[in-house]
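Pasting a structure here, questions to come.
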Amino acid sequence: MPISTSVSRLQILTGRTSLTESAVNPFSLPLRVYIEDTDAGGIVYHAKYLHYMERARTEWVRSFGVGLRDGLSDNISYVVQKLSIHYGVPAKLDDQLSVTTEPVGFGRVWMDFRQRVIRVSDQKELASADVRVACIALDSGRPRRLPPAMAELLAHSHKPV
Amino acid sequence: MPISTSVSRLQILTGRTSLTESAVNPFSLPLRVYIEDTDAGGIVYHAKYLHYMERARTEWVRSFGVGLRDGLSDNISYVVQKLSIHYGVPAKLDDQLSVTTEPVGFGRVWMDFRQRVIRVSDQKELASADVRVACIALDSGRPRRLPPAMAELLAHSHKPV
Amino acid sequence: MPISTSVSRLQILTGRTSLTESAVNPFSLPLRVYIEDTDAGGIVYHAKYLHYMERARTEWVRSFGVGLRDGLSDNISYVVQKLSIHYGVPAKLDDQLSVTTEPVGFGRVWMDFRQRVIRVSDQKELASADVRVACIALDSGRPRRLPPAMAELLAHSHKPV
Amino acid sequence: MPISTSVSRLQILTGRTSLTESAVNPFSLPLRVYIEDTDAGGIVYHAKYLHYMERARTEWVRSFGVGLRDGLSDNISYVVQKLSIHYGVPAKLDDQLSVTTEPVGFGRVWMDFRQRVIRVSDQKELASADVRVACIALDSGRPRRLPPAMAELLAHSHKPV
């Protein structure tokens, strides 16, 4: 399903999530820590949290019926433009994590997310980040407008500033 | 430089390596083990050796003047078709490694390599693998003939069976 | 929970899976392909299948109540000793996969698995592998007997030869 | 060589780099982009830049004779505490990169680095980051003083504020 033609479906889908609900319970992806994620320090390698956060953003988008591969066929790609992350207690092998994604703002070609990595066992926050994602044309790499469906999705789901 | 038009340059380049020389001293890429390569078991994660080996194959090709990105623009891609690997003593953080690449056979659409990961400090073999790489069309994913330059390179550099 | 003292719990757990059932329906882990798993060829990077397979082995063990971190605290680690993999149709971004794990044999210090990566949409097999995993002492790296719980688990669940 | 006993060697080594020199020409690590670093968007995966930067910090330390594995045996580990990164033009397959590392400040248990990823062909800056690395005890994960050798190294090599 090309993103550009999926507005009506999104309108239906976004209709299911009220603004208040979304602000109170941001989208959350459950994740398990595997040995591949860890390093010789016995903890999850610091760059891996960026993977976790991108998976959560991807599933947040998919929860509204939009897949990334469709975007690529439509010459639409998304890239991280800037990112700021704080690390607290480290995640370890076998940990069950929950990664939240909250859209907190957007412009013509970008969207901002606030994300957190939570350890499920004690609800401790292990890391938090502010991430700006830009929309680009896959072929040229140049910035391009967010697809209407994505812009609408953001307009409906981000917390009021 | 498109691979398909680089035959003459390759002829010149391959002319520099005699068969005997290549058989005695296979191409070797020096590598350092970083914390990103290790896991909570304190050793290099087993899948990482496949990365090391692909880097060595890439540099072996590049040593003849051929880059992979040129291939992609020419709709040529290479994929691993099968692989068999034995692990011995594990590599550890800070280890200096040497990864060898020996072409040992090829067909119309594939090439076979014998590769080894050596620890430089004591020349111990840490892992060895047999790898078959197939040439495919980037867009369709279907097998395609090896580019003439690659076939010629293989014809000149692999050990006689 | 140390693996070595968990025999009775395992006996209860393994009691739930009859040999026939397990042979017909091997353990299967659902997985999603993320952008991090892909490469510039537009497909999942070949080494990533080894990650997928290790995740599936880990969840197969965990389904019997055994976590890897407990093993590490008990000086028990598991390493891949050899592995042979065939790649077919490549997995792509957004694909939903299913990774199976079948124990097919074991000795005093090792266990053999047969694993497959299936694309859920059409049940096509994308890759299959034979993997030998050895049990080692975490500190010395030397082979050690499989913990009794693991040996028992294997004795109950692998297909008869 | 344990970090804690390597002061005298470091004094000798640091003596070779004058403050002015280091400020003008920060430490730089050459790197090649491999297919494993790229994603289906055709560019280097954003988290990979964190790997590149950690490799450069590691080699910066190693250039003064200090290896990380020695630290681990001494119960010393280093973790990224916070990180802020801006991405510009993306790196692509086969690109030759140069990753700089400049220590810009340090405290009792932490050190701050300014790092840049440069494309060698045109000297374009592809990414830049501010990274705070903390020293911790490997076993407890609690902050611990920087080893004297590291503190001295930082005192001699960072740019005056």
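Letters A, B, C and D mark the chains in the order given here, with residues in each chain numbered from 1 onward.
Just so we're on the same page, a contact is a pair of C-beta atoms (placed from the backbone, for glycine too) under 8 Å apart; a residue touches a chain by one contact, two chains touch by 3 or more.
Keep in mind that what you see is a predicted model, and the values were worked out from it rather than measured.
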| item | value |
| --- | --- |
| Comparison of A-C and A-B (more C-beta pairs in contact) | A-C |
| Most widely separated chain from subunit B, with each centre as the mean of CA atoms | A |
| Separation of subunit A from subunit B, taking each centre as the mean of its C-alpha atoms, in whole Å | 36 |
| Whole-Å gap separating subunit A and subunit C, where each centre is the average of the chain's CA atoms | 29 |
| Residue list for subunit A, restricted to those that touch at least two other chains | 35-36, 40-43, 47, 51, 54, 72, 92-93 |
| List of subunit B residues in touch with subunit D within their complex | 32, 34-36, 51, 54-55, 58-59, 62, 67-69, 72, 92-94 |
| Residue ranges of subunit D touching subunit C (in the complex, touch as defined) | 35-36, 38-43, 45, 47, 92-93 |
| Contact footprint of subunit D on subunit A as seen in their complex | 40-43, 46-48, 50-51, 54, 72, 77, 79-87, 89-90, 138, 141 |
